[in-house]
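Before I ask anything, here is the structure I am working with.
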Amino acid sequence: MKFKGENILSAGQFDRAGLISLFKEASNMEKIVKKGQSDILKGKVMATLFFEPSTRTRFSFETAMLRLGGRVISNADMVQTSSFTKLETLEDTGKVVSQMADVIVMRHPVAGSVSTLAKFSDVPVINAGDGSAEHPTQALLDLYTIWKNFGRIDGLTVGMIGDLKNSRVQHSQCEMLKHFKVKFVLCSPKGLEMSKEIVEELHRKKLDVQAVNDLKKFVGMVDVLSVSRIQKERFVSEREYKKFAGTFVINAQLMKFAKKSAIVIHPLPRVDEISVDVDDDPRAKYFEQVKNGVFVRMALLKKIFKG
Amino acid sequence: MKFKGENILSAGQFDRAGLISLFKEASNMEKIVKKGQSDILKGKVMATLFFEPSTRTRFSFETAMLRLGGRVISNADMVQTSSFTKLETLEDTGKVVSQMADVIVMRHPVAGSVSTLAKFSDVPVINAGDGSAEHPTQALLDLYTIWKNFGRIDGLTVGMIGDLKNSRVQHSQCEMLKHFKVKFVLCSPKGLEMSKEIVEELHRKKLDVQAVNDLKKFVGMVDVLSVSRIQKERFVSEREYKKFAGTFVINAQLMKFAKKSAIVIHPLPRVDEISVDVDDDPRAKYFEQVKNGVFVRMALLKKIFKG
Amino acid sequence: MKFKGENILSAGQFDRAGLISLFKEASNMEKIVKKGQSDILKGKVMATLFFEPSTRTRFSFETAMLRLGGRVISNADMVQTSSFTKLETLEDTGKVVSQMADVIVMRHPVAGSVSTLAKFSDVPVINAGDGSAEHPTQALLDLYTIWKNFGRIDGLTVGMIGDLKNSRVQHSQCEMLKHFKVKFVLCSPKGLEMSKEIVEELHRKKLDVQAVNDLKKFVGMVDVLSVSRIQKERFVSEREYKKFAGTFVINAQLMKFAKKSAIVIHPLPRVDEISVDVDDDPRAKYFEQVKNGVFVRMALLKKIFKG
């Protein structure tokens, strides 16, 4: 796949070779950051347009751009502080902002709106989350964290736990992991199972997908423990929620059943689904993921501008 | 006129020589941007104080400063996120911010407030719009767009259409265009005509001013078609509004009557007054204007610091 | 005291040697700013997390970082524009942001919250004000202003006027001034006197502390006139407030009784406690303080990164 000059809109646009070349570049970026700042993107300006605030994601993109020697113009809250949203179509906003910046990073609560803006932009647009639909750089940093910790992705067993029906994060992980020879183990409360479409897509790729309800057994099987938030409102009943919330929490006690070499990933912020007593476990990688997010976004920006 | 160390408060402060030297500098800036980033303003800090949000204008100034190697400290929404507005006079705010920054870019909903702050600032202040009064850099980019497309301003016929009574943009264009040998053709709904004072000022400069009501005739006469928004509330009656809104829209059909060499300019955001079917017409320059705005502001900043 | 890699949380953490070395560094920074931008902190990223807006303090820190060649990622209003505050503990926020930035500058309305976040941060954290508790860099710039104007602090008489009971600023000044041989003269309305604990602490350091109620006498005694705001609600009665507000204002008339060599300092914003007719008096140093704030914060950042 080509990176130079391209929009980054969807987890589905990446192929195996693209992912691996990106991870190698991200690894290279770690060395650059250790040495100090790069001037690779000197003279380039990134505009961040957040129609829905997300300090974490915005900071990560901005740090990535700045560490490469680029500059940033930023709107952290387009809805509150911009006439764009009141008077102007997304199409015109895309056209306008792309006259001033060299790349646009956009977040929006409505699925599809980043693609709409991108169609009219004269510069590449990166999707930093559009509602329930896509957040491709989150999936990239998840996979990079796996790749970095194991030195590979092929051959691993990836366990996904949480609200698999609604989790944008885990859907995107599947979309990218399908390019590798991984086994999937799924664990979710009743009614919140992974959709048939995604499971069938994994089957088409001849990948093994297994549902496991016993938490200890589940934890013991996996190399990668991918955890996501569950909103109380999603459960079919209060009783179902309590059953889950009371038992499906990743804590130090449960981690005794996990492999020594396993890793735990989570997009953050977490609420109760991972207990703080796991934080000091060397297998907990959710804070390292934040650091990896900067490296992956640096790699992505570098490839968009330089190939 | 002198630029170095000066406040930029009003369209009226520019003379013919100053405008032309600024446009030449802006033209030079286009080359600098193509080559990458300049370091002309390395070490300089610009503060943006927006008491009224305007992402478009703020982005343009910030991009201009960053592309010259300067740095930016930014408040996109002073009213929401600053105790300045609650506790402090504009005079003190000017004095305070000018101790930290080397230039201040300010927008405020109240006419005259930028001048008030500028009086107490120890560094140059640029007016980025103060209510209904002034927005001098918008007029600068309008004229630069004309100058760039025709290679001159003298000898052109400039058509102004819209709410000529209330349009800050078109008033400022007149204020600057009066230094050149242009003919004015005006087209506005009943009750929204250009004020007598402005027309008389143009007459004093021995410039030809003509009112035309027939839209096709109007469009066919002009080299520059300067369009502005019209707010429904301004019309004398609903009937008058409908008559105008239904007929006075610039669209592809109407553009057939325009000269091949004509250009269409608009400050954006547009609502209905220019149809999207004009966007692909090479004569449509309203998105190019956004790009020109960065070049003009770069030129202005360079001249304020370096002369 | 050590600066490199340390959190800056409290006025109480500075010792005499640390303060003097910092002031010398700040003095050095004045020369660097005159020459243009430094590249001392090239490659370093500062995150500003303001859970309570303060444009003045944020601008000062950001200018300091930028003038040293560093970069800034900024959230001016965490409460409005961040899910951090809704979903996440301060502990997790500290851990997360410290994966992306090299230093964190934080302001928060609740006393103690900056220390809480700092405990979990992997990078140094600077307290930019936590409610009624601490604002150490304000005290640093106050003392630097004294040191710079007199060439010393030992031997001076410092007069404090205002709401001495509640003023965070003046409490922190005492906390730092106690390392020098100064005399204190205190002047406050009834019920708003300096707390016994602070006075006793100064006595333990064998420093002279005197209360004076006559304003002219007070003004005539001091080398440094440290003024703070008084909120009307703090007074024991409306009558007491009027008595104070009517008489305890620093104005040009009163300054006739002050020493020729005296200086007036105030944290700003001021309301009525210093009259604008004092602004042109060369002894008024409250705007110079703003400039000094940038130099002191540059010095602090330099020492945190480089020692």
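When the chains are written out, they are named A, B and C in that same order, and each has its own residue count from 1.
Going forward, a contact is a pair of C-beta atoms (placed from the backbone, for glycine too) under 8 Å apart; a residue touches a chain by one contact, two chains touch by 3 or more.
Model, not experiment: these values are computed from the prediction.
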- Task: Could you label the chain B-chain C interface same or different, taking same to mean over half of its residue numbers are used by both chains?
- Result: different
- Rounding to the nearest 5 degrees, give the angle of the rotation that lays the CA atoms of chain A over those of chain C. 120
- Message: Measuring centre to centre with CA averages, how many angstrom lie between chain B and chain C?
- Response: 41
- Query: So which bits of chain C are touching at least two other chains?
  - Reply: 74, 76, 80
- Message: Show me the residue ranges of chain B that touch chain C in the complex, using the header's touch definition.
- Response: 42-43, 45, 47, 71, 73-76, 78, 80-84, 87-88, 91-92, 95-97, 99-101
- Message: Give the list of chain B residues in touch with chain A in this complex.
- Response: 36-37, 53-56, 58-60, 62-63, 66-67, 74, 76-77, 80, 268-271, 276, 279, 287-288, 290-291, 293-294
